[in-house]
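Each remark here refers to the structure printed beneath this line.
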C-alpha cells in the first residue's frame, strides 16, 4: 500500500518505520533536542552525522526509550512511545540497538548473549533460540567463537556479536550508536562490512557514525545535526559534494582530510 | 532527648579520656607504619625463612581478634613468662601497633605491586643501587598510592582502641563508663563518647579522602 | 592444659558455638538489612538516601564496642528484657548491615550503566534485568567481600564480652575466674578464633578464585 | 607465636623488671608503689570527677605515708585484677577483695578493714521475693568473678538440693553498677551484691531498689598481695592494725560506709589459704 500523502502519513502507515514529530528534550535547563522532525521509511538507511554534543546520540536513544522525550511524538512501527512501560517494551522488542561500547554481558558466553533475550523476553525455547543465534553468528562470521566469553574476543569481534545479538530479536529497525568509534582502526573495517551486508539485506537502519565512506556506500539519506537541531538532510552524494549549510561544511572539512 | 542533653554535659568529663585515646592511637600508628615497612622488607627478602616468618606473622594478626591479642599480651604472656610489671598503656600501644603493622603491610605491598615493572628495570639500567632505587624512584611513587589507604587504616586503629578499656587504660570508652557509674546515667556518657569517636574517625576518613584527591590531581589517567 | 580442657572444655566449647551462632545469625540478618540499605543508597529518593547514608556512616565511623554498649543501654531504658545473646546478635546485625550495604553498593556501581542499557535495549524488564544481568555480575564481587566481612565479624564479636554476652571471649573470662590459668585459657581461646577466622578467610579466597571468571574484562 | 613472645620479651626488658628481689624493698628503693584498683565499688573505690576516691583511697594514702612512697594507681576491671597481680603487673591489689576458698589458694590477703554481707536486692515494686526459696525460677544477676559470683552459685546449688528448680539463669555482668542498671531496667529479677554495694545503690536511687535478705556468713574485705610478698603484706597489716587500734578505721567506715563493722585480726581466711601454709 502506498500512501498518497507522503507529507503526513497516518500512524498505521506500514511503510513508515520511524516517525519523529516536533520532538524536544531537555537535560535540566539545557535543551538537547529542538523540534526534531524525521521520518524513516521501511528499508531506509539513514546516517546521522554531526559534531559531538549535537544531540544525535540522544535522538536515536529516544527511539527505544533509553531516553525520554519531553515534547512531541515518536512513533516506531506504529507504536507511540510514551511513559507506558508496555508500549516501550513493545518498541524495544522491534528495535535493535548496537552501542559504542558493545555492552555485551561479560558473564555469559557469546551464544548465551544471543539467546538470552529471545528466551526470556520472547519465550522462545532453547533449541529454537540457539538455532537463530547460530544463524546470525554465522552471518556476522563469528560462529566458531560461540562458546567463548566476550572478554576473550577482540573489540571488532565483540561488536559483531553485539550486532548478532540485536538481530536475534528479529528487529524491524536497527539503531547504531557510533558502533566503530571505540574500536582500534584495524577492526573498523570488519564491523562496517557487516553493517553493509545488513544494509544490502534491506534492514531499516539508523546509524550515528563518523564513517563517511560507509555513509556514501549505503545511506539513502544523511542527516546532519548541530545544537540539537536537524540542520541539513540530503542524499549522500549531494551532502558530500555540496553541503548546503556552513556548519555542515565546517564539519566535513574537519573529518575528511 | 534528655540523654542527649546529659551527654552534651558529659563531654568535658570525657576529654582526658579522648586525649589518652588520641595519644595511644597516634603512637600506635607511627609504630604500625614502621612495623609495616619492616614486614614488607621481610616479605621481599631472599631468605625464605624470613619471608615465611613475616607471612606467618601477618596471618596470625589477621586471624586473631584484637581483644584476644590484648588479653594475651597483658594477662597471658606476663603470667607465663613471669615478666615483671608491664604498663597497660604501652601494652595497648604495642597490641594496636602489632595488629596495625600487619594490615598496613598489606596496604604497602599492594601499593608496591601496583608499580609498573619497568620502574625497577629502569632503575637498574641507570645503575642505581637498591637503596637509591627505593629512595629516588619507588618510594615517591608508592607513597601517593599508599598514603590515603594508610590514613584509612588509622581509622580502623581508632575503632579497635576501645579494647584498651578492657585492661587498665582509661581511654575514652572507659572514661565514659566511669562517668556512667558516677552519675547513674546509663546513656548520656555513652552517647557523648560515641559522638567523639564519630568525629575523630570521621575526620580521619575525611582527611584520607582529601589526601587521595590531592595526590591524584595532575596524574594522567 | 589437659585438666583445663577436660574440666572447662564444655564452657569454652559452648562459648565457641555461641560465637558462631551470633556471628552467622547477625550476619544473615545484617545482609538482608544491608541489601535494603544498599538499594536506598543508590535510590534517587533524597530523604531515604540521606537516612541510609547517615546510618552507614554512623556505624562505620564508631567502634563496635560503643555500639554494643549503646544497644544494651537502649534496651535497658526501654525496659525490654532480652537475652544478652540476642542483643549481641542484634548488635552484630546492625554493624554488619552497614558494611554489607557498602559492599553491595560497590558491587552495583561496578556493573556499568552500559549493561543496564544493553538489557533495556533487548526489552528485558527490570526484574529480569536484575536477575539475569546485574546479579550474576554482582556476585563475584559481593560474595568474597561478604565472606571476608564474616571473618571480620568473628573478630569483632569478641568485644561483646565487654557487655557480658556469653560468647567465646566471655567464656574465657569465666574459666579464668575459676582457674586463674590466664595464659593457657587465652591461648586456647586465641587458637579457636584463629581456626575460625582463618578458615572463613580461606573460604573467601577460594570463592574469589572460583568467581574470577565472572569478572568483566578479565 | 614465637614472634610475639620475642617481641614481648624484648619489650618487657625495655620496661625493666627486676623481679628477683623483694617487692617491698623494691618499692622502697624506687619510691613508688603500683597498685591496681577496680574503681567501680562505691564507697570503697570509685571515680568522681576523674579521680579515684573512697574508703580505699584513704587507706591507701595512710599506707603509702607509712611506707614513705608515691602511689601509682591503675584502674582495671575486676576479673583481670588478681591475675594481673600474679603476672606482677603491680605490687598490690588495693581494691576490696573477699578472701574465699578459690582465691585464697593463690593469693595472700591483708587483715580485713570492713565486713560485708551478701544481700539480695530486688526492684522496689517486687513483693514476691522474700527468702531464698523464692529465688527458684528467678533470673538472678551478679558480677562476673566477684565473691558474690561464687556465693550465687552456692545459693543455686542449695536451692536445687532443697528440691527447687534453682535460678532460671545466673547472669554475670562486668561490674556491680552494671548489675544495678540491669535490675533497674528489668533485665534481671534480683541481684546478689555485697551489703555495702546495696547500701550505695539505695543511696543513689532510693526509690528503685529494695534490700530483701542476706545470705551466708559475713564476708570480709581485704587487699591482696602475692603470697611470696610476705614483707609487703606485713607492712600493710601493720598499717591496718595501727588504724584499727587508733579508731581511724571506724572513723573511715562511718565517713564512707555509714555503719561500723568489726574485723578480726585472725581467722578470716579459708582453711586452704596459701598464706597459712607458709
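By written order: A, B, C and D. Residues from 1 in each chain.
As a working rule, a contact is a pair of C-beta atoms (placed from the backbone, for glycine too) under 8 Å apart; a residue touches a chain by one contact, two chains touch by 3 or more.
Since this is a predicted model, take the numbers as computed values, not measurements.
Contact with chain A and chain B alike is made by C. Ranking C-D and B-D by contacting C-beta pairs places B-D first.
Using the mean of the Cα atoms as each chain's centre, the chain most removed from chain A is D. Chain centroids computed from C-alpha atoms place C closest to the centre of all protein C-alpha atoms shown. Averaging Cα coordinates per chain places chain A and chain D 83 Å apart. A straight line joining the Cα centres of chain B and chain D is 35 Å long. For this pair, chain A with chain C, the centres built from the Cα atoms lie 47 Å apart. For chain B, the set of residues touching two or more other chains reads 60, 72, 75, 77, 79, 166, 186. Contact with two or more other chains is made by no residue of chain A. Residue positions of chain C touching 2 or more other chains, listed in rising order: 73, 76-77, 162, 176, 182. Chain pairs that touch one another: A-C, B-C, B-D, C-D.
Across the interface of their complex, chain D is touched by residues 13, 16, 53, 56-57, 60, 72-75, 77-79, 81-88, 90, 94, 98, 166-168, 170, 174-175, 178-182, 184, 186 of chain B.
Those residues of chain D lying in contact with chain B across their complex are 1, 3-5, 7-9, 11-12, 15-19, 34, 36, 39-40, 42, 46-50, 74-77, 80, 83-84, 86-91, 175, 177, 180-181, 185, 204-205. The touching residues of chain C, when paired with chain D in their complex, are 73, 75-82, 84, 162-164, 166, 170, 173-174, 176-178, 180, 182. Those residues of chain C that touch chain B in the shared complex are 57-58, 61-67, 69-70, 73-74, 76-77, 154-159, 161-162, 169, 172, 176, 182-183, 185-187, 189-190, 193-194, 197-198, 201.
Contact residues of chain C toward chain A in the complex are 112, 114-115, 117-125, 128, 132-133, 136-137, 213-218.
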